[in-house]
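Same chain, two partners: chain A is paired with chain B first, then with chain C.
Now for the complex of A and B:
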C-alpha cells in the first residue's frame, strides 16, 4: 500500500525533474563556463534515483504479492516461486515500460559522466533531446499505463503470470534486450545534438562509437536470449520464427550493425556523415516502432500484452513527433562537409563498408515489408494475410552469397586505395571451401548447386577470418572474432536446416516405435507436483543407429494460475547435435503424441552469437585504435 | 529544389504511414471472409453433448428455419466474451443455435455451460477438430449462418460483437 504510493510519487517527481532539468540546462546553455553546471549532473542523478525507487517498489509489491496493486494482481500469484515473482515485474506492459524509463535515465546519466571531454553545448543538447524522450515516456506511463493503480477491495489472489513467461532465459531477456534497444536512444539524442552543433566529426565518432558498441552488444545478446527461450519453451523446435516481434528486434540490430561499420569510416575518413546520422535516427525510430507494434496490440503475437487503443494512439503520436523532429533537424542543420571525401576508390575498405550498408538496408527492407505489409493491406483492402518464413528465406538467403563473399574480402582491403593481395592463396582457399562443401553435401540435399555455393562462401569466410586470426594475431582482433562468429553462425544455421530430422508419432506406455534402425521407447510416466504446476513426466529411451541409448524426459505441465497446459520439451545437447523430444496429450485415450527431432549444431548457433558479441566487447575495451 | 522535393516526399510518406497505423489500431481482430459460392453444410455424424448418442446432420438441421453454428471451447478466452451475445441471440425465435464443442474436456465444457448459461438448442462434440475443418473453420470461436436451404451464407472468424449480432439479426429476419 504505502510502497505503491512511494512508487507512484517517485514517478511524478521524476517527471517534474525532467522539466526542471530542461529549464536548468537551457539556462546553462549560453553560460560562458566551459563545463556543464554541476546542478545538471546532480538533477540527472536524482532523476535516476527516483526511477530506481519507483522500479524497486514495484519489485517489492511483486515479492510481497500485494494485490492492492493492479499490475501485481494481473500478473502474479502467491504460489509463484520468488524468482518468477521478481521477473514478473518486467514481464508485463506496465512494468516493462518502467524498465524503459530506467534504462533511459540510466543511460543519460552515464552519458553525462562519460562525456566530460566533449563540447559543452553538444552535451547539453544531447541531454535535452534525451529528456524529450524521457518526458514522453513518463507521460505514457502515468497517463495510460500506471503500474501503481490501486485496487479496492483488495483481491485475495492474483491472476497469475503466463506460464510461457516463467522461464529463466526469459526472465533476463527483457532487461538485456532493453539495454540494447533503449540504449539506442542515446545514439539518437547525441547524433541530433551533433548535427545541430555541426559536430559530426572524427572526435564525435570516437566518442559515440562506445555507445553504439554497448547497445549493439546488449541487443545481440538480448535477441539471442529471446531465441533460446523460443527454442526451449515454445517447443516448436526452432530458434527463429520470423514472428513480427522477433522482427522488430532484428531491424534495429541491422541498422545498428550498419552504423557500427559506418562509424569506422567517419572515424578515419570523415566521410559518410549523412549515413551515420540517418542510421542513428533510424535505429532508434525502429526501436520505438517496435514498441508501438508490440504494445498497441496492432499485431497478434506472444508478446502482445495489452490491446488498449489509447496506449497505441499515444505512442503512435509520440513516435511520429520524434520522427518529424529528427528529420526536421536533419534537413535544416545537416551539411555534408567535404563532398569530395565521399568519392571512394572502388577497391578500398570504405567501398566495402558501403556495400555492407547496402546489403543491410536490403535485409532491413525485406524484414520491414514482411512485418508491416499485412497491416497496410488490412487497412487498405481489408484483406488478412500473414507473412511466413518462406517469404524471408526466399528473399534473404540467396543474397547471403554475395554478402558473405564481400565480407570475406572487404576487411582485407586497405583504407583509401587498395589492391587485393595474395590472390593465389585466396583462390586456393576458395577452391578448398567449394570442394569441402561438395563432399559434405553430396548426398544430403536435393538442391545441391545452390547449397554448395552458399555453404562454400560461408566456409570461405570462416577460413579467411581464421587465417587472419593466426597470421595477424592481435591486429584488429575484435573485428576478426566478430566476423568469425558470424561465419560460424551462418554455417551452423545452414547445416542445422539441411540436416535436421523429425519424427511425429503417437505412442503409449510400454510401446516401442521403430524407424530406420532407431527406436523410441516410452518406459513409463510419472507425476510431479510443484507449487505453480502439476507435471506428467514421460520416461523415454531412444536408441540411435549405432545402438547408443539416451534417456529423455519431456513434461506436460498443467499450470494452476491461470490454468494453461504447456509442453516442456526435453533436450539433450552435445557439441554435435541436440536431441529434442516434446510430448502432448491426445484427448480421450492413452496415447501421447510425441515429436522427436535431431537438430545438428544447435549449440553452435548460441556459441557463434556469443563470439559475435565477444568481438564487440573486445572492440569496446580496446585501448588504442588500430590503423 | 532537390532537397525540397525530398522533404516533401518524406512528409507525404510519413503522413501516409501515420494514417495507416492509426486506422490499423482501430481495426478489430474479427475477420469476416467473403463467401462467393454458398457451400452446402457437410454431411456428418457427431456425438451429442448431453446424451453421448450419435446424431446425423440431417436430424440436427431438420427444421425449416435459420441455424447458427458456433464453434466454442471452454479453454477459449474470447468465447467467454462472446457468450452473453450468444445468450441474447438465442432469445430470437427465428433461429436455432447449434454449438460445436471444439477439442474440449467434457467436464470443463459442462462447467462452462453451467456457469455462463446455455444458448444452444443442441451441442455436438468435435473431439479431434475434424468436423470444424469440414465446415472450413480457422479456429475458435467461429460463427456460421446457415439458411433455410441448408447452405452456409456467412461466417465470422473470431468472437462476435454487437455489430455482428445486428448483422445476423438483419439476415435472419
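Now for the complex of A and C:
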C-alpha cells in the first residue's frame, strides 16, 4: 500500500520536474555560456530516477500481489509464476504507458549526455520538444490511466493475466518494441530542434544517425519477437497475419528504414533536407498513431486491453497538437539549402536511395490504407468490412521484383555520378539465379513464371551481396550484411509459403490418419496440473514418407484465472524445416481438431531478421562512415 | 529555355505525381476486390441476389447444432431471428462452442447453406466480436 503511494507521488514529482526543467532550460537558452547548465542535466537525471522509482514500485506491487492496486487486481493472480507477475507489469495498458514514460525520460537523459559536441541551443530545444511529449504522457497516465488506483475493500484474489500473454517471447516483446517506438521520439524532437536552429547538416545527420539506428534495431527485433510469439502461441501456424496491430508496428518501421537510407544522403551530399525532416515527423507520428489505435480500443485484437473512449480522445488531441506543432515549425523555420542540388545525375547512389524511399512510401501507403480504411468505413457508413492478407499480398509481392532488383544494383553505384561496373559478372550472376530458381521451382508451383522471376531477383540480391562480402571485405560491411539478411528473409518467406503443407483433420484417441504415404497417430492423451493451468497433452506419432517417426506433444491448456483455453503448439525445428502440430478441443466431443504443418526454412526467417539487425548494429559501432 | 534545375524539379514533380496517382489507383482497385463484408443471418435472408464473393457471417452457434465427424464440422449460426447452416472442414478455434459467439468466413451456397473456409479465432470466454454483438442485438 505504501509502495503504491510512493509510485503515485513519484509520478507527480516527475511531472513537476518536467515543468521545472522547461523553465530552467528556457532560462539557460539565452545564457551566453557554451555548455548546458549542469542543473539541466541533474534535473533530467532526477526525473528519470522518479519515473524509475514509480515503475519499480509497480513491479513490487505485482510481485507482492498487492490487490489494493487496481492495475494489479485486474492483471495478476497469486498463482501466477513470478516471471509472469513481473512481465504482467507491462502486459497491461497502465503499466505499458508507464514503460513508455520510462523510456522517454531515459532516452532524453542519454541524449543529453551523448550530445556534448552539439550546439547548446540545439540540445536545449531538443530537450524542450521532448519534454512536451513527456508532459503529454505524464498527463495521460495520471488523468486517464493511473496505474496506482486504490481499491477498497481489498480483494483477496486478482483477475489474472490473459494466458496468451503469459509467454517468454511476449514478456520481452513490449519493452524491446517500445525502445524502438520511443527512440523515434528523440529523432522527432531533435529534427524539430535542428530545423528551428537551421542545423539540418552533415554534422547533425552523423549524430542523429546513431539514434535512427538504435530505434531501427529495436523496432526490428521487437517486431520479430511479436511474430515469433504469434507463430507458436496463436496456433495458426503463420508468423504474419496482416492484423491491424502488426501493421501498426510495421508502418513506423517502413518510414524509419526510409529515413535510415535518406540520412546517408544528407550526410554525404547535404541534400534531401526537407525529406529527412518530413520522414522524422512521420515516423514518430506513426508510432504515436500505433499507440492510439492499439490503446483506444478501436482495433479489435489481443493487444487491446482498454476500451475507454476518454483515453482515445486524449491521445487523439495530443497527436493533433504534436502534428500541428511540428508542421508549423517545419513550414515556418525550414529553409531549403540549395548549395548542392545542381550536380544531379540519374545514375547515382542518390537516385537509388530515392528509389528505395519510393518503394518504402508505396508499401507504407498500402499498409496504411489497408489498416485505416475499415475503421473509416465503419465510422462513416457503419459497414463492417475486413481487409485480408490477399489485399496486401497482391499489392506488395509483385513490387518486390523491381525493389529487389534495385536493391542489388543500387549499393554498387557511387555518389554523384556513376556507371554500372562489372556488367558481365552481374549478367552472369543474374542468369545463374534464374536458372537455379527455375530448376528448384519447376515442379512445385502453378504460377511458375511469376515465382521464377520473383525468386530469381531474390537470389540475385543474395549472390551480389555474398560476393560483396567475400571480395570487398571491409567496404561498408554493415550495409552488405543487412541487405544480405533482407534477401535471405525474402527467400525464406517465399520458399516457406510455396513449400508449406498443411493437414487439418479431426482425430480420436487411438486413431490413425493417413495421407499420401504419411501417417498421424494419436497414441494417448495425459493430463498435467500446474499452479495456473491444467493441461491436456496429446502424444502424437508422425511418420513421414521416408518412414521416419517423430513424436510431437501439443497441449491444450485450460487456465484458471481467467478461464481461457489456449493451444500450445509443439514444434520440432531443424535447419531445413519446422514441423508444427497444434491441437484444439471441441467442447463435449471426443474428437480433437488438429492442425499439422510442415514449414520449410522457418528458422531462417528469424535468422535473417537477426542478420538484418546485426547489420544495423555493425553500422552503429562503426567509427567512421565508409570511404 | 528553362534552366537545368527547373527542368529537374519539373521531372521530379511529374514523377511523384504520377506515382501517387498510380498507387492510389492500384490500392483502390484491389480494395474493391479483396474487401470482405460482414453479414448477419437475417441480412442474408433478405438478400435479393446471392453473393458470389467471400463474406463473413456472425452470430451465435445454436445449441445442440454442432455435429463433428472426422473431416467436417457442421453447425448453425443464429441471430435469434434467422439462422444459417454452416459446413466447415478445418481447424476450429478453442473457444468454438455451442451458445457462444462466432464469426465464419466463406461463401454462400444458397440462402440456407454457407461453406466456411475459416472460423475466426477469439481470445477469451467473454469477448464477443462487436459485429456479432450488433448482429444479435445487445444480448
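Just so it is clear, the second predicted complex is superposed on the first by the 623 of 627 C-alpha atoms of A that agree within 3 Å, B and C clash if a C-alpha of one lies under 4 Å from a C-alpha of the other, contacts with A are read in each partner's own complex, and residues count from 1 in each chain.
Simple rule for what comes next: a residue touches a chain if its C-beta (ideal position, glycine included) is under 8 Å from a C-beta of that chain, and two chains touch if they have at least 3 such contacts.
Model, not experiment: these values are computed from the prediction.
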| item | value |
| --- | --- |
| Overlay on chain A: chain C relative to chain B, clash or fit | clash |
| Touching partner for A:556 - first (chain B), second (chain C), both, neither | second |
| Partner chain(s) touched by A:506 [first = chain B, second = chain C, both, neither] | second |
| Contacts of A:593 with chain B and chain C, given as first, second, both or neither | second |
| First, second, both or neither for A:37, with chain B first and chain C second | neither |
| First (chain B), second (chain C), both or neither touched by A:418 | neither |
| Residue contacts with chain A in the superposition, chain B compared against chain C | C |
| First, second, both or neither for A:566, with chain B first and chain C second | second |
| Which superposed partner A:384 touches (first chain B, second chain C, both, neither) | both |
| First (chain B), second (chain C), both or neither touched by A:206 | neither |
| Partner chain(s) touched by A:365 [first = chain B, second = chain C, both, neither] | second |
| Selected from 1-9, 109-117 or 127-135: the stretch of chain B that, after superposition, runs into chain C | 127-135 |
| Intersection of the chain A residues that touch chain B with those that touch chain C | 300, 384, 587-588 |
| List of chain C residues in touch with chain A within their complex | 4-5, 8, 19, 23-24, 26-27, 30-31, 33-38, 56, 66, 68-71, 73, 89-98, 121, 123-125, 129-131, 134 |
| Contacting residues of chain B [partner chain A, same complex] | 3, 7, 10, 14, 18, 20-27, 29, 31, 103, 105, 127-128 |
| Interface residues, chain A side, partner chain B - complex | 292, 296, 298, 300, 309, 312-313, 316, 320, 323-324, 327, 331, 375-376, 378-380, 384, 587-588 |
| Complex contact set, residues of chain A against chain C | 162, 164, 234-236, 300, 302, 341-342, 344, 358, 362, 365-366, 369-370, 373, 383-388, 390-391, 394-395, 504-507, 511, 513, 556, 562-567, 582, 584-589, 591, 593-595 |
